[in-house]
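There's a structure below that I have some questions on.
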Amino acid sequence: MLPTSINAIEAYSGANGILKKVKKGSLLIDSSTIDPAVSKELAKEVEKMGAVFMDAPVSGGVGAARSGNLTFMVGGVEDEFAAAQELLGCMGSNVVYCGAVGTGQAAKICNNMLLAISMIGTAEAMNLGIRLGLDPKLLAKILNMSSGRCWSSDTYNPVPGVMDGVPSANNYQGGFGTTLMAKDLGLAQDSATSTKSPILLGSLAHQIYRMMCAKGYSKKDFSSVFQFLREEETF
Amino acid sequence: MLPTSINAIEAYSGANGILKKVKKGSLLIDSSTIDPAVSKELAKEVEKMGAVFMDAPVSGGVGAARSGNLTFMVGGVEDEFAAAQELLGCMGSNVVYCGAVGTGQAAKICNNMLLAISMIGTAEAMNLGIRLGLDPKLLAKILNMSSGRCWSSDTYNPVPGVMDGVPSANNYQGGFGTTLMAKDLGLAQDSATSTKSPILLGSLAHQIYRMMCAKGYSKKDFSSVFQFLREEETF
Amino acid sequence: MLPTSINAIEAYSGANGILKKVKKGSLLIDSSTIDPAVSKELAKEVEKMGAVFMDAPVSGGVGAARSGNLTFMVGGVEDEFAAAQELLGCMGSNVVYCGAVGTGQAAKICNNMLLAISMIGTAEAMNLGIRLGLDPKLLAKILNMSSGRCWSSDTYNPVPGVMDGVPSANNYQGGFGTTLMAKDLGLAQDSATSTKSPILLGSLAHQIYRMMCAKGYSKKDFSSVFQFLREEETF
Amino acid sequence: MLPTSINAIEAYSGANGILKKVKKGSLLIDSSTIDPAVSKELAKEVEKMGAVFMDAPVSGGVGAARSGNLTFMVGGVEDEFAAAQELLGCMGSNVVYCGAVGTGQAAKICNNMLLAISMIGTAEAMNLGIRLGLDPKLLAKILNMSSGRCWSSDTYNPVPGVMDGVPSANNYQGGFGTTLMAKDLGLAQDSATSTKSPILLGSLAHQIYRMMCAKGYSKKDFSSVFQFLREEETF
């Protein structure tokens, strides 16, 4: 599980890379979150060596990893999925087969893009409602019983004081960092550009998280976008 | 329940308007979805006449209206809420007190803005995932058990073939029209401008629904944004 | 010349307003930058009193006002333009007839919206180029002899060190404040919403200047968007 | 001069690629518009063979190519620029040295991103102004003597009837196609993502041109964004 596409390429194709030594029949599982196009490329190289490559990025964070409750989204040849499932089941409580190589990445990227959009949307709606005179807890309750409901509003609300046990209740410490979200949105952007898919909100969400990284929010949880939107005018 | 702020002003302040004849002690309930600033203005005028004004926009659509299951979001003096609740309870199964006059509108506007953002986000994520090789039903299933989950993905999915009984299963007929969503986003935009609240995604969502109205999607359900994003290149 | 639509309405229609005392045949010229719909409304009221109303917002700033070099964009009945021109010519070197009442405002709003878009675009392009290794002065020179050329790149460049005598050369002091630009973009947004005109970039520009106001840039020149985009990551 | 990064890589590094046969001391000039990171990569490979690589993308289009009036933006070792200039001067009237390898691409990408932003901005401002009652020719004249002035408003106006001899006067035939603009914006997006530079408007401009490609505008000139924004509501 490596941080970037470049690291994964190096690990496989570098001077001392896996491709230099891999035995025929090996099953190689990469749990990095990287560009699906890179996963496909690596799979081709691995196949040339008579081995099998699967992409299996995770969601769930440090807590889920510790308790063995990660979700693995797996892409690769279907016949090999049973073998992967056996291994990954030791670390994750959810192992989902997504389709051909690269679709594990695709599923993760699409989920995280929608997550970023919903989170910023929740922050904007909560902020606007508060400025219009609504109590934040009441507004969250109304949204959560209505069509605006989403994971960011009902499970991970970004407004301090609305929920306990979430990063917004703890000065946006812990959780999923803004830098990591900006990285995943960069992958979504790259995939969208190369497949010519329009992502109007996804692309703007990417730019917003990029701005936040440049404004001192890098290490805060990604729900701190509420704080980013909110700062008061300083006359 | 009138379509626009201008109609509501006319109904109250016009030459033959309600304000000309209203009796002291009357309770006036307006269920239009209009600018909260207009609701506040009308409340002031009504108060001058010794009567009480509450804003109580609804959600739920034609079906809920027929079956008496509307949700009413009510703004106004708290002491009068019991009286309003008794009346509105005949038409709605959910009558929520939101706070001072105008907060009923505020709650509705914030919910619908977040709804529009989540819907476009779901459409973008589903479209990108499909182009990256994912099966739409599988992708919806993964999103719905993950942090990307939202009402638009799990209850009103915009991709034909993913769910039954929703507008996307019926060529985007019925449901909540694009024109109405564009109108509500216009109200969110106006409220955000006047309270100086940044709504980056909300504002872009508004522009996207505005574009759709200009491209023949006016009467389709607002989930048709999936179709709007998706049309193929025609070389 | 008043700061907001509300002030202008008060000045005309208030308890001691102009409409109470205006003489038949008077020519009333309003140089506020306000919503064109308000100008039209005021013109109607003034006409009822047998007088004439023209909107004539200015551009050029304090410097141009001092030296009598303002530009006036005038909307109103064409027959009255000669009279207005005679008066306004004392303060402005450029008096342009734009059409019916409200078109003076429309021209100003459209210009300032395009200005905001070009300025942010110039800041983004300069910032990206610098990060890609280009010298800022050289990049400005290339843009200015190419199709990217605009007033913001060739006359008012937002990058410190590229030009002399502009706010970017003086820590973004003086010039046209971010708050004022946010206000004008709010007017563009309102006009676009009420005429159902899509303004995708205009709307995003509005939100960006709104964010800047919330981040301590209120009193800086609007070209400080370069600085806003640029702040470094702080790991 | 090849259409994409992949083609350029193939031409240099492919089985029968230039790198297989290049003689020491050769000067290789690539006039493709591609990712600056790819230009840098190719330059390294070429250097290993003892030869020199420069990137020199062009602007000016078919007309300028025919008449020998192209502009070349050249990146590479400064000592070699004189040699490149001698060659390129035969085809171009403007040969600009931009800095290290990749900066030719960077200059072109930044210019075209700003061009796309200004063009969409001009189309939005003109469309809004027309809906507010302004005559298009008059509005263009006002913008062009004011701070909204840009190449897209004064030299290549997107509104039919405002100027002669531009694509908007000829049903958006000829000129610079929407597909090509979408491609260049994809390169800007990739460069911005990899250098972590926020491009809020640039990114939205990219998505707008991407949408246009999906809506039948692929082969029209990029100024047809005016037409894209404008289509009437069809009730």
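Going by the order they are written in, the chains are A, B, C and D; count residues from 1 in each one.
To be clear about the criterion, a residue touches a chain if its C-beta (ideal position, glycine included) is under 8 Å from a C-beta of that chain, and two chains touch if they have at least 3 such contacts.
Not measured: the values here are computed from a predicted model.
Participant: On a CA-centroid basis, which chain has its centre farthest from subunit D's?
Facilitator: If we average the C-alpha coordinates per chain, B ends up farthest from subunit D.
Participant: Tally the contacting C-beta pairs at the A-D interface and at the A-C interface, and name the larger one.
Facilitator: Here the pair linked by more C-beta pairs in contact is A-D.
Participant: How big is the gap, in whole Å, between where the Cα atoms of subunit A centre and where those of subunit D centre?
Facilitator: 33
Participant: Could you tell me the distance, in whole angstrom, between the mean C-alpha positions of subunit A and subunit B?
Facilitator: 30
Participant: Taking the mean of the C-alpha atoms as each chain's centre, how many Å separate subunit A from subunit C?
Facilitator: The answer is 41 Å.
Participant: What positions in subunit A touch 2 or more of the other chains?
Facilitator: If we look for residues of subunit A contacting two or more partner chains, we find 196-200, 204, 211, 213-214, 229, 233.
Participant: For subunit C, which residues are in contact with subunit D within the complex?
Facilitator: Residues of subunit C touching subunit D: 36, 59, 71, 73, 94, 96, 98-100, 102-103, 106-107, 109-115, 117-118, 120-122, 124-129, 131-135, 138-139, 142-143, 145-153, 155-156, 188, 191-192, 195-202, 204-205, 208, 229, 233.
Participant: Where on subunit A does subunit C make contact in their complex?
Facilitator: Listed in rising order, the residues are 204, 211, 213-216, 218-219, 229-235.
Participant: Spell out the part of subunit D that touches subunit A in their complex, as residue ranges.
Facilitator: Residue positions touching the partner: 182, 186, 189-190, 193, 196-200, 203-204, 206-208, 210-211, 213-214.
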